[in-house]
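As written, the chains take the letters A, B and C, and residue 1 is the first residue of each chain.
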């Protein structure tokens, strides 16, 4: 699902919502780095216990189902669990060494990188292309928009199932089509054929999300800026590249991070459905391996170590985004 | 109905090095209309919000009536407030907006209905009572916000720049309406604005604030004619009072190379800041050499912008006065204001033969009136 | 100006086909029999066996225990979708209210405690999460299905952003009007947030309905299976059969995608507004 892991932080460019009678004359206070948080409102309630009462349910759920498991993941990554359940022994960084040292892990990491890069690039590119065109046409605009958005709500496993059908050995039209070009496509059997199908399905699932954001980004560009660009630049493509695209950059960057996390994590269901529990010869991503080693292979420590490695990757991405956003505050 | 007493009130925000409002003393009589005016950031809104109870008071006391209200919740201070952006509840109808505060006070429903009807009649809101705020124009929303204050029958009205969101024409008519309403109800009012024109026209007494301190308190015309400092002189009145670097030598005033009679008696000698309103200057055979840069035609008068001895100066003349590029100006007798150059404070013109400033106004009746 | 050329429509039509055709094919094919599909391939025209296929999928007692029907799975998906959406709105609205409208110690610390959860998706802590659920005895329960998914701050974030955009003066006016924290919440803030709540409900419903990995781990008993779990099931049965039940697989896929797709299409405006105005 495309909104699972979120990296949303205060977007300084976000305009306040407008369904209250009057916007507050002044803009929202800018988020300045390294400054004690200012109160969200000029006037706040002063009750010692009430806020805790309101926060309690959220905090309880977070502690039990976020912090506790996260802490356990980190702890057990330093232990080797006895396969028969007789305790665990501390092994230091062995699990990490094993994971990073194994050729299989590195091969899967390589595939994950490729998969992520392709899915991100293609779904961003198609989303942008469709958004630009949909923003331009007037006739049939809402039909196109509805059609392009509708797939947003299709669950990844359902997308995977439909992909399986379309690439089915007997009935799949894609297989028939590929055969016309002499390509003997064997999804589920041939490694790269399966990878191709997985990427296509994952892209298909993610295009609507990018489309929605690009379209709303484009529609947020003031008409006056477009008109100024028309006066300043004759060539339509150059105009788009030099005047419109830079204004979409914040949206694009936000989407880049979201798409990377989508490709890393949310495609789990697509992969699980498409490899049909037989990951042996099929391409899988790192998240799938975490799951597979943990639940199938009973390698708790190794799975935990892999989890932690993924956490670090995600945190790294987040930090990049934070830094970038802070920088944007200055020239934005 | 109540008086409001503000004594030694200060406000320092947590973490701020300097107070935003310092040591304010102000006694507001029952039924008086007080306007707090000053540039943005001068602390006028903070002061108002401390009276409302929306900001903590970090020093001093605020009394409404005879009651110390420092620790009292805004709802219990018996005040009503009108906000710049109206702050109407968007999901409630006009009627519900006005009734909400009364309902929370457990006013009997019949009483609420009577008061809402009365306020609606007074503010001509009758036809709109069942509409939502978004279906109203800016002026109508403003009236609803006032209605919400009126139905409460509070001891005091607090206005926080209530007209700033309206266009110029509507502002003038709403100004009149606020004044009329206040006169009729006789409710003590504290009104914040950065618009000196609004301040002049509304106030019984004007409080000019600068950098968290009171510069001057007084009736609008007194402030206009005897500004206590260069800050007040340049803030109140439009066009702003001309302020020139000058030097007093004996009974002569030297501005650059020009030398003219002082016209007032003062003990001051040496460097001063000389202030003169645009309408207190007139064309003369000799006097201040004035170079015209450009002219603004305002219909009833013309404002002539130019320089005297390298210092900018504005002059107001009747529209039919002929002008050349270089003319000479004289200052009306007694119309000269003198300020200390360093502190900006008004210098006493003691033992002067000049009339009080207000008289100047009457005698100069033929000339253009100041554009407030 | 920006003239619209036929090429623009061409690209959009291709895009529309790319997005919609697979779904259309699935719908059409699901109305044919498995044998027809096996011999002919996929269909773009309706067949005559839709009613019986869907009836079978919805009512046949499948699985090893015979405890689960399509209807049952659909109900479980609905419980998960709605339960998750409602839980998310209640929890996150309360938390955001506390964070925005109250002055109290540790407020910014708690802000970070809550918002750190945005950084790590459930997938990277799936093993220990499962362990925790098992320790708490919550496997195979609706609580276990829904509550752990609530452990992220997305909703809190949306509401916090929205509350911050509500003019400060509304609270000030309400306080002068004598409203306390509960009165303000109920009389002013909740009515004001209605559009926002609807948008979040849609987003969260889709998110909950579409959950795959967590329900798969949490529910070993078939009576708790959701439609997503059913899809996994039907594929497992599929492996090794002569003529797989293509029609039923497609029918199940349609049942699984129709409710969220319809919700999104019908409430498009709210949904887009909710997503793009608060998601960044």
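Just so we're on the same page, a contact is a pair of C-beta atoms (placed from the backbone, for glycine too) under 8 Å apart; a residue touches a chain by one contact, two chains touch by 3 or more.
Just so we're on the same page, UniProt names per chain: A = sn-glycerol-3-phosphate transport system permease protein UgpA; B = Carbohydrate ABC transporter ATP-binding protein (CUT1 family); C = sn-glycerol-3-phosphate transport system permease protein UgpE.
What you see is a predicted model, and the numbers here were worked out from it, not measured in a lab.
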item: Best-connected chain pair, where connection means C-beta pairs in contact; value: A-C
item: Distance-maximising chain from chain C - centres being C-alpha averages; value: B
item: Intercentroid distance (Cα basis), chain C paired with chain B, Å; value: 57
item: Centre-of-Cα separation between chain C and chain A, whole angstrom; value: 16
item: Residues within chain A bordering two or more other chains; value: 19-20, 22-24, 36, 42-43
item: For chain B, residues that touch 2 or more chains besides their own; value: 54, 84-86, 88, 90
item: Where chain C touches two or more other chains, by residue; value: 167, 169-170, 172, 175, 192
item: Chain B to chain C touching residues, read off their complex; value: 52-54, 73-76, 79-81, 83-91, 100-101, 104-105, 148
item: Contact set on chain A toward chain C in their complex; value: 1, 3-11, 13-17, 19-20, 22-24, 28, 36-37, 39-48, 50-55, 57-59, 61-62, 64-66, 68-70, 72-73, 76, 126, 129-130, 133-134, 136-140, 144-158, 160-166, 168, 170-173, 176, 204, 207-208, 212-213, 216, 226, 230, 236, 254, 261, 265-266, 268-269, 272-273, 276-277, 287, 290-291, 294-295, 300, 303-304, 307, 310-311, 314-315, 318
item: Interfacial residue positions of chain C with respect to chain B in the complex; value: 167, 169-170, 172-179, 183, 187-188, 191-192, 194
item: Residue ranges of chain C touching chain A (in the complex, touch as defined); value: 1-2, 4, 8-9, 11-12, 15-16, 18-20, 22-23, 25-26, 29, 37-38, 41-42, 90-92, 94-95, 97-104, 107-108, 110-111, 113-115, 117-132, 136, 147-148, 150-154, 156-157, 160-172, 175, 180-181, 192, 195-196, 203, 206-207, 209-213, 217, 228, 231-232, 235-236, 239, 246, 249-250, 252-253, 256-257, 260-261, 263-265, 268, 272, 275-280
